Amino acid sequence: MTRYEPKSSLHSPRFCGIRTFMRLPHVETFDGVDFAVVGIPWDDAVSHRSGARMAPEGIRRISVMLRPWNPAQNVKVFDHLSGVDYGDVDIVPGYIEDTYRRIEAAFEPLARAGVVPIAMGGDHSVTVAELRALARVHGPLAVVHIDAHVDTLDLHFGKKYTHGTPFRRVVEEGLVRPERSVQVGIRGPNYGPGDYEGSRRLGYDLITMYEIEEIGLNAVLRRIRARVGDAPVFVSLDIDAVDPAYAPATGTPEVGGFTGREILALVRGLRGLDLRGADVVEVIPALDPAEITAYLAANLMYELITLLALRRTEAGAGA
Amino acid sequence: MTRYEPKSSLHSPRFCGIRTFMRLPHVETFDGVDFAVVGIPWDDAVSHRSGARMAPEGIRRISVMLRPWNPAQNVKVFDHLSGVDYGDVDIVPGYIEDTYRRIEAAFEPLARAGVVPIAMGGDHSVTVAELRALARVHGPLAVVHIDAHVDTLDLHFGKKYTHGTPFRRVVEEGLVRPERSVQVGIRGPNYGPGDYEGSRRLGYDLITMYEIEEIGLNAVLRRIRARVGDAPVFVSLDIDAVDPAYAPATGTPEVGGFTGREILALVRGLRGLDLRGADVVEVIPALDPAEITAYLAANLMYELITLLALRRTEAGAGA
Amino acid sequence: MTRYEPKSSLHSPRFCGIRTFMRLPHVETFDGVDFAVVGIPWDDAVSHRSGARMAPEGIRRISVMLRPWNPAQNVKVFDHLSGVDYGDVDIVPGYIEDTYRRIEAAFEPLARAGVVPIAMGGDHSVTVAELRALARVHGPLAVVHIDAHVDTLDLHFGKKYTHGTPFRRVVEEGLVRPERSVQVGIRGPNYGPGDYEGSRRLGYDLITMYEIEEIGLNAVLRRIRARVGDAPVFVSLDIDAVDPAYAPATGTPEVGGFTGREILALVRGLRGLDLRGADVVEVIPALDPAEITAYLAANLMYELITLLALRRTEAGAGA
Amino acid sequence: MTRYEPKSSLHSPRFCGIRTFMRLPHVETFDGVDFAVVGIPWDDAVSHRSGARMAPEGIRRISVMLRPWNPAQNVKVFDHLSGVDYGDVDIVPGYIEDTYRRIEAAFEPLARAGVVPIAMGGDHSVTVAELRALARVHGPLAVVHIDAHVDTLDLHFGKKYTHGTPFRRVVEEGLVRPERSVQVGIRGPNYGPGDYEGSRRLGYDLITMYEIEEIGLNAVLRRIRARVGDAPVFVSLDIDAVDPAYAPATGTPEVGGFTGREILALVRGLRGLDLRGADVVEVIPALDPAEITAYLAANLMYELITLLALRRTEAGAGA
Amino acid sequence: MTRYEPKSSLHSPRFCGIRTFMRLPHVETFDGVDFAVVGIPWDDAVSHRSGARMAPEGIRRISVMLRPWNPAQNVKVFDHLSGVDYGDVDIVPGYIEDTYRRIEAAFEPLARAGVVPIAMGGDHSVTVAELRALARVHGPLAVVHIDAHVDTLDLHFGKKYTHGTPFRRVVEEGLVRPERSVQVGIRGPNYGPGDYEGSRRLGYDLITMYEIEEIGLNAVLRRIRARVGDAPVFVSLDIDAVDPAYAPATGTPEVGGFTGREILALVRGLRGLDLRGADVVEVIPALDPAEITAYLAANLMYELITLLALRRTEAGAGA
Amino acid sequence: MTRYEPKSSLHSPRFCGIRTFMRLPHVETFDGVDFAVVGIPWDDAVSHRSGARMAPEGIRRISVMLRPWNPAQNVKVFDHLSGVDYGDVDIVPGYIEDTYRRIEAAFEPLARAGVVPIAMGGDHSVTVAELRALARVHGPLAVVHIDAHVDTLDLHFGKKYTHGTPFRRVVEEGLVRPERSVQVGIRGPNYGPGDYEGSRRLGYDLITMYEIEEIGLNAVLRRIRARVGDAPVFVSLDIDAVDPAYAPATGTPEVGGFTGREILALVRGLRGLDLRGADVVEVIPALDPAEITAYLAANLMYELITLLALRRTEAGAGA
């Protein structure tokens, strides 16, 4: 069976060639594929700066810097995995519900074929559609939601679907298991204490940045792992969880966020979870002159892919 | 009756103070108001780069450079007019039809009160809603549509309302009189000759940039004036009508467009028409490091306002 | 009595409307006003990059992201306070002493009316004029001066008033009580040890960044609170106190500064002081493509305003 | 036989998907292919600003704006042609002669298979290698060299191969027929009259910008067509031929160049020539915040491709 | 006697070495010097965007592109001239009158030594001080003032010295001969017809851009040459005379200005005048990502220097 | 004997004058010179983004912010040292081996004269040539190599000299003493464990960022000092050792690097070593809109120079 891995930059310079994620083959097949990177260039549902529709392009562009050995986890990712760049979902500009249907149509077959989707938003509203597709296959999932914002408004501008509401919708639609789920990194000015209480009432464990500063990242990781347990899990990472110094290019930044090393440690610390899908959202390349936000996003996707490789190793080791 | 005019920059430096269009008072009244600048920060319906939602803010920011005497037309605009910055329409992110209703609700009372709206997009899809409001008051209008693109697709991404379809919709809805209307500046790669024929079949006089280069701007102006005649008219100016050198900050640029002096001459040449409303659309401040696109847009709005002042003078002179 | 609070972004998207600080009403009244945000767009007195004159505009632009509940301090700010955006002082380009007179004329009536001014520079030379006005009303003030630089030169380029001299002038003019005042965050290459000694001789407690790295922020906060005590206090925050990674857009950056979380903790830690005024200075929007510096500045202003709200709560609670 | 044409942007938004030139299939085949777009990301041989190695990526990114009907020439390009994005040549950073070998190895088989290469530099030194490959197949070619600079130095920094020398080398190596060739658009400060005389002594017809301003573009086109005649021809277009207002993002700009409309007219005016290959070089995306240079470059490539389509039509019409 | 000329870029790449104007020696001597480039980094007196203090640095940086033969005028400049980069005047931030004294002190000895100063602003207020120095040596001068704005306000913000007043001050102080002087390129919104009448009452011949569009550049040049005659002349060129497409990086842009080719032709057309000094002002490098404004400014300085060389040739030829 | 020190910015504003490093005299002499800043504008050998050829210019531009007293080390640098800006090496674009010869020719006489070179790259390939020159004079040196990448590939793109291979070459050529040398800060995706093992097999002590996070900076410093001992040492600092938040403007960034305060502490902690030369490489000004990368690089050079001053003090104190 064909195995898919990145083109090496040792002989072919990485700045040569069509830009795909990490120089992976752009193939629209499920055959022999363990994970697929998928772009969702939708940015209509945002409450401030738009431009995240260009994130898949921007992340691909700088992701050619990535290489197959992850020294932080000491694993050669493609010794264990075969992966592709599946391209983008054709979204429908200005029509969120049509766009949701397109995303669902793209993700459900991937999930059915056992391919783990690693998605690049787009704005955070896309997670609803991804989870609809995945829950149809895997049942309700645990979610590790890493973000500055709870995104659990009921109505936003009088509407149910925006980038401020997805994590309420996915509970209401029965797509996630809130008792197995956490929201991490939450902070910043909001409308009132009800914003946080709303999340907790939905069943999430909400871990604010203020609490993280007190208890430390290791405690947070223990709490996440205890809560998620062996449930199939989806990781949804809004780049604005990270401090604007490290991730300036996003639509609704919040000061006082994770440093680069912290967010990397957080994702690496999810090692062992039963990852069924993930997304990294809200990158705006037009605000990223040196591509540092897109490159951090690409690395976080790489760390998520690494988790899959590690799980294979450990599964193999356990066998 | 109160008259509204800009704050002078002779004593108060123009970089001091809250940014309104041209330093006009920000007043939400119709009383004693001849024209009102209105922002429509909607950019969801675009086929390439987003970001025009920030255009009203970006245009206001540099519009403080404008001053009350227009030497090209030799008129002191506020000797004849009273005008305000009416603020923005509260759009609904991700929902074009709700947004249309909000725009209509804002524009209809303005029109009824005899206030001429000078709108700043947003993307070009907003014109449908503006014309709905105006046509309810004034009946169907002539339109001078200045643009690189015909914007008369039927369906775009399978949808009726996007920034590629408004000038078909406004004919279908009976809001414009195509036999009194023109499309000017059209050019650039397209799907096929049917794109232009579609416009002509709707009844527009389509004047391509290629034809303008041959016959010259004066002939074009004669043709426009003959066609529009004394019909009440709406001018809709997509900044991508202008060459990217002069207006780089737009979502779907086309090379080979008007120079700055040409587009100014084109708008000035509309002197005498019975202007009932106008919009300037598709400016994206995030792509405009030196604000030259926003400043050209602000000047074109100023020239449109000047047309109103001139009409008053001439009407007065004629009385 | 009218109370002034920000427009909610829950229904009206924050990118809609005239930009005022935090979407506060732009009102030039003292009636029923607890605090007033005031811009001072002066940048002539700087020793390197100019452009801070656009800071009030740039900070207002991104400050629309702020919302009324501060979770770090757990207070709904506008349950306790009424505040406005008072607009900008009309400065006099090229003439610092005339500009000082304009600033004094704007600030003194505010102070007399019991309105706490939260100013946005401009460059740091403006603090002299603010303190002249405030000291006339409140008598000499304690100052918490957060900065990379001491700003206590005697003559700079042979002149008494530049952005390198204000904290000497305010002592000489008897506007501050140096024995109640501190300079925090000082660091970076300088002319000689005399630069620091000069500050100490003026009576300031000077806490360098090097010392802060050793003793930690909590010790610093205890020292500040002990020194200031219950004196009426002015907080003057030069954004270059913050590391260039977090605040790149300033004229005279210094490496090795506060992180975003540290500077937020520093300001939050001033809780309980008797704040009579504050300024945040030296932001240059033209160097801030993703607006991260302006947004940090806006948040620091928000934390300063929050201190006022907390003091009200505590005062109320104590009653 | 398979025919290759761009994906339509009418249903799939152009900002969705892996970026290839004009959304053409990325296929490495010659079968059924009339033209192939090829990137050459080499920028080491430049005399001022580097960064043109990213041009193929940057041009692809914005080229998704292009559509299949060229209204200026009134031809549906893909009714007559099948084309692909062939990807990039793997260059060898820091080693120009190795890089030349790689380019030759890529281009010769294309030419042998009758595929017309439309190349994207890279810096102008790459043309030598392209012409080596093409001349091996087609014999010496006429060249239409559109540029601000003659690029006919003998030694540059003591070396034979830099971006200042290619049009001397190609004559010396017998790759071009100078008596059939022209250099157009030449201007700007230089070392001495010998710079121009050198070109003329090599046999080129050198048409300066100063002469073009006098005699007009139509005369220039007549002169080019008369000189080239029916010889097989290569068009080499350095984007710095265009004025910096229209093409700011290049390494060695010269003021006083072609406008966008002029350069488009110049390329369109080559209609009828027997085009065997072309390149557009010296675009630097890092200097192109609104992508206007890259988009003009993409359009010029599109016009060159259109020339091929027209030749097919006319040939067909003549049959 | 030592002759000073630029370092050649044929062997030493132009991007190597300390940046001086055109790679001229940085020498503070008058001996054997025909012209001296002098920077005046003052930008405090501006009415909108600041940042022109960095213009000398920015212009020097890109001026290394210039080479010694001017093909438009067909002269090898340094066959006839010896020139240096004299460095910058040490201005006094925030104090315009002190700064004037420094400029005068720098320029008067240059003029006395027969060295022609070619100055780089800074903002336009610096011209007053330059002309004070030159008039002391040469008597009152004719001025060719190329600008979008008349700069003949009496008081600006209540002050006599700003960038809006210099061309009134120089007449009042008897430094220029208005009957021999012109203002060219004037346009754009202003306060009222009095703005232009004021200039004419001072004695200037005012040629608006609108008039230039009608009568053409050749007629303008004839009018300038007739008016100036054989008077010693100073050319003062505000870069905002040029259209924002060609010169975006300036503080108070005006749409509808000169193209690059027009402004070059205008300066070249001054051939034969008795040039005693010149300045190019109001460039803001922070707004110039591709350095096109600074490069046009550098070329205009080069054309001014070329005029000196031509005058030598012709004088020599006449001998 | 002449002593060379920076121009003071207390009277002459730092934004006035030709830009040299730290406003040091630009003198090409060895006489009375302790250290010389030298630029090496070479960027051809890079594996991703080019543009580091402009680093010497960009670092000089912002380095004018530096002042002579280093408070972190409490030393007035120029009480102990005399230093100059020696200008740049004339590199040969496109020819790495010729460029190496030019670098060697420039550095060897400096080293022979006892002048310590503080170099600014260019890309990291330049270090080979610097060490060739220094080793000829001082014998093999210890190296403290601070970088995200090991740079010890054997062949890169089939070639021996690129920016991925220098630290293998310098061992092979006998220029360094690997048993006295360390590589610090190494991290990020790579080809495989062999990348790190290769370095260790060459004899380097490799300290990854992951290890540094565990053991802390003080332990690292002890390890470095123990290893280097009293060997003559060269410090080679690739700016990508620093986190992209602090140093965005580099060609091959890696997330998870040093903060600004950490990298400063690391360099300051080298106090006491016998420093014979240093370089700071891989800064790309075109990606650095607020100059924060260049300013950090300038500060790191300043800290390296400070080490020389401290060594003099201590040597003196010891005498």
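Observations on the structure shown:
Order of writing sets the chain letters: A, B, C, D, E and F. Residues in each chain are counted from 1.
Criterion: contacts are C-beta pairs under 8 Å (C-beta built on N, C-alpha and C of every residue); 3 or more make two chains touch, one makes a residue touch a chain.
Given the structure is predicted, the values throughout are model-derived calculations rather than measurements.
The pairing of chain C with chain E is characterised as same-residue: of all residue numbers used at this interface, over half are used by both copies. Farthest chain from chain A, judged by C-alpha centroids: E. Between the Cα centres of chain A and chain B there is a gap of 40 Å.
Distance between chain centres (mean CA atoms), chain B to chain D: 38 Å. Multi-chain contact residues of chain E (touching two or more other chains): 11, 13, 15, 47, 49, 53-54, 92-93, 157-158, 243, 245-246, 259, 287, 289. Every pair of chains meeting the touch criterion is listed here: A-B, A-C, A-D, A-F, B-C, B-D, B-E, C-E, C-F, D-E, D-F, E-F.
Residues of chain A that touch chain B in their complex: 43-47, 49-51, 53-54, 92-96, 98, 125, 157-159, 161-162, 286-287.
Residue ranges of chain C in contact with chain B, taken from their complex: 11-13, 15-20, 26, 39, 41, 53-54, 57, 60-61, 85, 87-93. Residues 8-11, 13-15, 64-72, 74, 76, 243, 245-246, 259-261, 264, 289-292, 295-296, 299, 302 of chain C touch chain A in their complex. Remark: chain A residues 47-49, 153, 156-158, 187-193, 195-196, 208, 210, 213, 243-245, 248-249, 252-253, 255-257, 259, 287-289 touch chain C in the complex.
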